[in-house]
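The following pair of complexes shares a single chain, chain A, combined with chain B in the former and chain C in the latter.
On to the complex of A and B.
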């Protein structure tokens, strides 16, 4: 299209007064009238209303407008609205540009209406400058395999699998360990409802594994991944279980096994054998061999000749899936040796260990630990959470956990309530920086703990409590020293028979998956979404979606919400059998490309850009070629091209330069009229 | 009604990532907080796309300061934060060569809720501009080319 054929419609929205109370919209419109290529200029009380949108549609149809610029609220609110209006009138939706006049002008310059009006004029001019260079773009349409891979068999993965299958999407769920259920299986009750955690979990697992659209692999990991949304080629490697489904001699085989290792189900409080069931009614209910621990001595096989195979080979499964959901979960923070006396004194345990200990403790009579009666318990919050750089000792990777793990306050208070209910004689001391019982019903748990007589002591983050051995003649083995700011900084000593560390959440280490899927970890090591509010479960890689605590600390309720959101996203992406991607990806001008390959060298995304032979004037030469489905549009390649041969469609350098020129231009109509 | 003159004012260009600074700017607006109106925010998917030439050209066209509000380590794109920092570092010596004060260009990490930091950066850059003046003076003044 030649420049003279460009016909721009510019619209300035009053936003019901939100803009026009500060910005003189009529003056802005007057500034735009008569500009080259601008054939329609309008103001309206509410451009996003049906009537406002109709104005645009009519101008496209009747006045031949072929580029549209609307100055209104933030593009996150109504850019799509106006793109759709443009498309309804038969124009390519990417021939639209949105200018923010509300959040970035009228709402922040209310005390300076003249400057706000001038700024609005310049922003509209910049928008029009870009609009002159807009091109028709097409969304990238890809065939989509209606099949999702869910990585992780904890509550997030299970819930995602169930919800996606209910939407008609085929699901393959893989779990790294031999059993499903993740950390939820280690809990007894769910706060704040007090439901039986295991029962709720098992109901969900049964539904998932029996769903006709779901295939589950345990002992399985993602080992390769290529492709793009709609067409990911993945390989799963499943380790053998080592035990046949119908094996009926588990107790004898376990008794015969000479290997004993700490039982991670009980966080090392007990031991188990190399042939094991995670817990008696674990799902699948077939025992498994712990290959890291097993010495292949064969003692277990001697119990019964069949049913145990110690020589099985891993199985590889190749799949094509349309989307991948990463639900790899969390691990509890593991305190360092000596941190609050952990590992130094046997009376110091973590909250997850305490939860298991309560399960193993029979009856409601007297609580004992290591054969000793427990009369005083100190529970310390924020262990491995809210750490302060420069104050607290960093971990091996040099980082501290400066985030709040969110669930531990309520979980700790829930523990005090359970302790009080079962062992009312125990003195409970809750040592905290803050109490963050943020969710519905959680404050009731705090209130109940207060009513139960829990003594609350408050410390400052840079003055954390100190756990020491008590003098030999003390009745309790430990003393917890704390500067308590609820008593104006008094130094207190709390006698403790047991110290419970409310450890925070850390993401499971998934660097392999991060590498394979080209997704990003945040500074806190949790996986990063594109936008915490607007795209809360999407990664920058289209088709790779996050669910649950891999993304950040969440309780079970929040995890299920996040998993349902992930499943809904999978349904939206794959439900139609084809997917549409925004066209904002790199594009190479082969007339300018000299095949230097610098763009390929800097690109962090596999298969997004490559040098390929291209026929030019009868000769085969190497040129950069973009795979739109694999490109995320970050533009790193654009900046390194020595010939300016690459641009990101819809966000070209030329467009930015034109906007800069408009912002800096001295335009007569914007000058003071005295 | 007359319009205020902006022709003599300084102008700050803000390149703000859609996943970070641009949303942060909108959050400031939603708070109805206030900052100087000589600020022009352009949304970018990632500032990693801009080479040295883009910044130098913008200064030469009369942009007095550029705040690159990127997403830092929170960027959803792999490697773009490091690349952006590298590109900006390459711009500074070129600015010096052209006699442009390097304080006119700043790379800052701004998140979607970094409202106070967003306003602080604008305030500080305007303080800097009050001290060093518009870029035109520097461009007009003769300067020594570095070796």
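On to the complex of A and C.
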């Protein structure tokens, strides 16, 4: 298009007074009238209203306007609105430029209206200068693989997989361990409903694994990933299970296995063999070999010649997926040796251990631990949560867990209620900072605990209780010392046969996945979302989505909501088979590119720009080539190119220069003359 | 909800759907908007029905939002705008769903009444000329009656849609607005209008209400001038607020000592509200921080039973507030009276030392709780649980699903929750509605041949 064919429409918005109360919009408009190429200048009370948008559409259709500049609020609010209006009138939506007259001008210069008006004029002139150089652009549309990789086979991963598959999206779910279900399998009842946790979990697992769109790999980890939203190339490495599906001699094989390791299903309270089932009806219900523990002695094979293979090789699976959901879950905080007596006194256990212990303790007669009757139990809240920097001992990475783990208060009180029901003679002491039974039905659990006669003691975060050995003639082996602020700061001693530490949540260590997917952790080590309200389950990497406790502490219900929200995002990204990206990416002029590769060296994004052989005048030479899907348009390459061979589309150097010239030009017409 | 239309309605309008969508979202607060967007962005056609004249719900009234302290408008208005401009969303304001019937095909027919704005919404440009000439001054409900508004008005500055509405109860029919309107949009002849929406899925996001300030006799029963609720404080703190300053009601003075009374409507058996409202600790701390900025010399005290800052980043937020010098006093406030100058006097047992204290402040803010909003029983057959919020059959694994296939409930209609949790849950409801829509579609279209191959290995 030659310069004389450019017909610009310029619109100055009052923003309902937001702009016009400070900026003299009419004067700004007057400044623009008669400028080269400017064929329409209008002001309006609210350009973004339907009426305002219609003005633009009519001018395009009736006055032949082919470039549009609107001065209004910040582009983040309404740039897209006006682009859509321009497109509705049949013009390429990128022949639009948005000038910010509100956040950048009227709101920040309220006390200086004259200069704000002059500034508005200059900003508009800069926009018009850029508009003369605008070119048609197209959004980058990419085929999206309607297939999501879900990492983690706990409740979050399962729930995401189920919702996504129901939505019609193919799912590959990988679980690092040989069994599905995560931590939920280790629970007995779910608060506050009292449902059977494993039964509810198993129902979901059965639905997920039998869905025709879901493929599940256990013993499997993500080992490589590249690509971009809609087209991630991932490699999964699956370790062999070591045991055939039809192997029928598990009990004998386990008896023959000479290796005994702490059973992490019971948080180390019991031991298991190197050939194991996580629990009797674990899913999949085929035993597995714990390769870290197995010595490959072959004793298990002697039980029955077939069905066990100790020499299997890992299998790698290459997949193309459109999105990756990270549902890698949590681990309970592991107290340090000696922290509240943990590891020092056998009578100190964690709450997850206590939950397992309650399952293993049969009947409702007498609770015993370590062969001793249990008459007094102290439960201490906030172990590994709400720690104070400078007060509490940091972990290896120098950080303390300064966050609330959200679930422990209710879980602890739920434990007191179960203890009371089964062993009503036991004296229960609850030592807390605050009681945070926040969720629906949770306060009732607290009320019940109070009615059950649980004795509540309250400490300050920087004065945590101390667990010590009781004098030899005491009936209970431990004494818990606490400065209790429900009795006005008295130093109290609580006798304890058992101390339960309500340990908090920490994210599972997933630094390998973080590196592979280039996502980020927050200061609390949990995976970081873009924004808690605007993009609550998305990471800064488009197409990589978070689900469940990998992102922060949550209970099962909250995890299921978060997992479904992640599935909704998968549906948004992949549901229509295509993803579209803004066209503001780097573009190389091969006439100017000398193949120096400086752009490639500075680019922070994988596969965004590379030197590739290009045929020029019959000769093959190296030139920079941009992969639009991987480029984010940051412009770093533009700044280092020695030949000005690179530009970011829609924001070229030429356009910038024109804008700067317009802003800095001496424009007496704009100065306020009283 | 009835399984079949009422036979008494002759020439049943149910037979003629006026709008056909994939999903009907009821409620245009943050939860409803987010559900609508998450469905529409997946390509489903959505009708969003809001009974007020603008979407935005309670959230748009807030000042800043925790824990990021983002300006609330900056988070809410882009979502409102996205809803209004989305190709797949039909936005219906001033509309009530009056009945919902199953349509026999696995979907539903909603009977919706659009209440008159007395404005031709297509013609109105939101220029507010009508508002300027209207002779009727009324307390502004958007500012909780602290500012003034007119009988004809655009509901608030960031309302979506930016269309005027006439408060017909207070209108004198003087006709000044009609003359002032540049587009002849005023139309006093409008009548309620009923139409049908045919939909396959329904998302109920009808929200909550706050504890009335007069709920608790011990806290003055709403009669103490300088005892306000936290939503009023939100308006005072908002940049679009009524005064642009923090002023107390009795004499318009800037308060030098402000107290927050926590659990003023929650965890209180005497009010029949045994549950925790989840948001009050955080909003009180947030307001205390904002007040520290607005009134740097003011003393701010928060009286509490437990501080429940359980969300992501919330505990750190609480610790920051303590470091800023905000005073936290452990004790349930027993009574609030006032002295001869209307200064509220708080009577509380300070638990840390076991003493009864009486402390005088310039202004007391009640951290009011969340009460159930609309009873979803009569129209949607989603019955309230004991706490008044929607009963959820499988709250653990399917927190959004109701007993009716394809009908979901989300946000604070299903219990107290903050904005972050509402947004997450709105996404969850959208996911489950989408799954339902696809299941319906495939049960019609697919046979075994439609099954794609399982992922290659």
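As a convention for this text, the second predicted complex is superposed on the first by the 444 of 674 C-alpha atoms of A that agree within 3 Å, B and C clash if a C-alpha of one lies under 4 Å from a C-alpha of the other, contacts with A are read in each partner's own complex, and residues count from 1 in each chain.
In this text, contacts are C-beta pairs under 8 Å (C-beta built on N, C-alpha and C of every residue); 3 or more make two chains touch, one makes a residue touch a chain.
The shown structure was predicted, so the numbers you read here are calculated from the model rather than taken from an experiment.
Within the superposed three-chain model, A:536 lies in touch with chain C and out of touch with chain B [touch as defined at top]. Of the two partner chains placed by superposition, only chain B is touched by A:640; chain C is not.
When both complexes are overlaid on chain A, the residue A:319 reaches chain C alone and has no touch with chain B. Contacts of A:445 after superposition on the shared chain: neither chain B nor chain C is touched.
Shared-chain residue A:159: touches chain C; no touch with chain B.
Of the two partner chains placed around the shared chain by superposition, chain C is the only one that A:212 touches, whereas chain B remains out of contact.
Of the two partner chains, both chain B and chain C are touched by A:76. Residue overlap on chain A between its contacts with chain B in one complex and with chain C in the other: 76, 531-534. Those residues of chain A that touch chain B in the complex are listed here as 24, 27, 31, 74-76, 100, 102-105, 107-112, 114-119, 121-123, 126, 518, 520, 522-523, 528-534, 539-540, 584, 602, 604-605, 632-636, 638-640, 648, 651, 653, 656-657, 659-661, 663-664, 666, 669-674.
Chain contact summary for the complex, chain B toward chain A: residues 1-7, 11, 13, 18-19, 23, 25-26, 28-30, 32-35, 37-46, 48-51, 54, 57-58, 61-63, 73-80, 83, 87, 112.
The touching residues of chain A, counted against chain C in their complex, run 16, 45-46, 48-52, 76-78, 80-81, 84, 147, 155, 159, 163-164, 166-168, 170, 172, 190, 193, 195, 200, 204, 212-213, 215, 317, 319, 386, 388, 402-404, 406, 434-444, 447, 485-489, 524, 526, 531-534, 536-537, 551-553, 556-558, 560-569, 571-572, 575-576.
Considering their complex, residues 38, 41-43, 65, 67-68, 70, 75, 77-78, 81, 85, 122, 125-128, 157, 162, 183, 267, 274-276, 278, 306-316, 319, 330, 351-354, 387, 389, 395-400, 414-416, 419-421, 423-432, 434-436, 438-439, 442, 451-452, 454-457 of chain C touch chain A.
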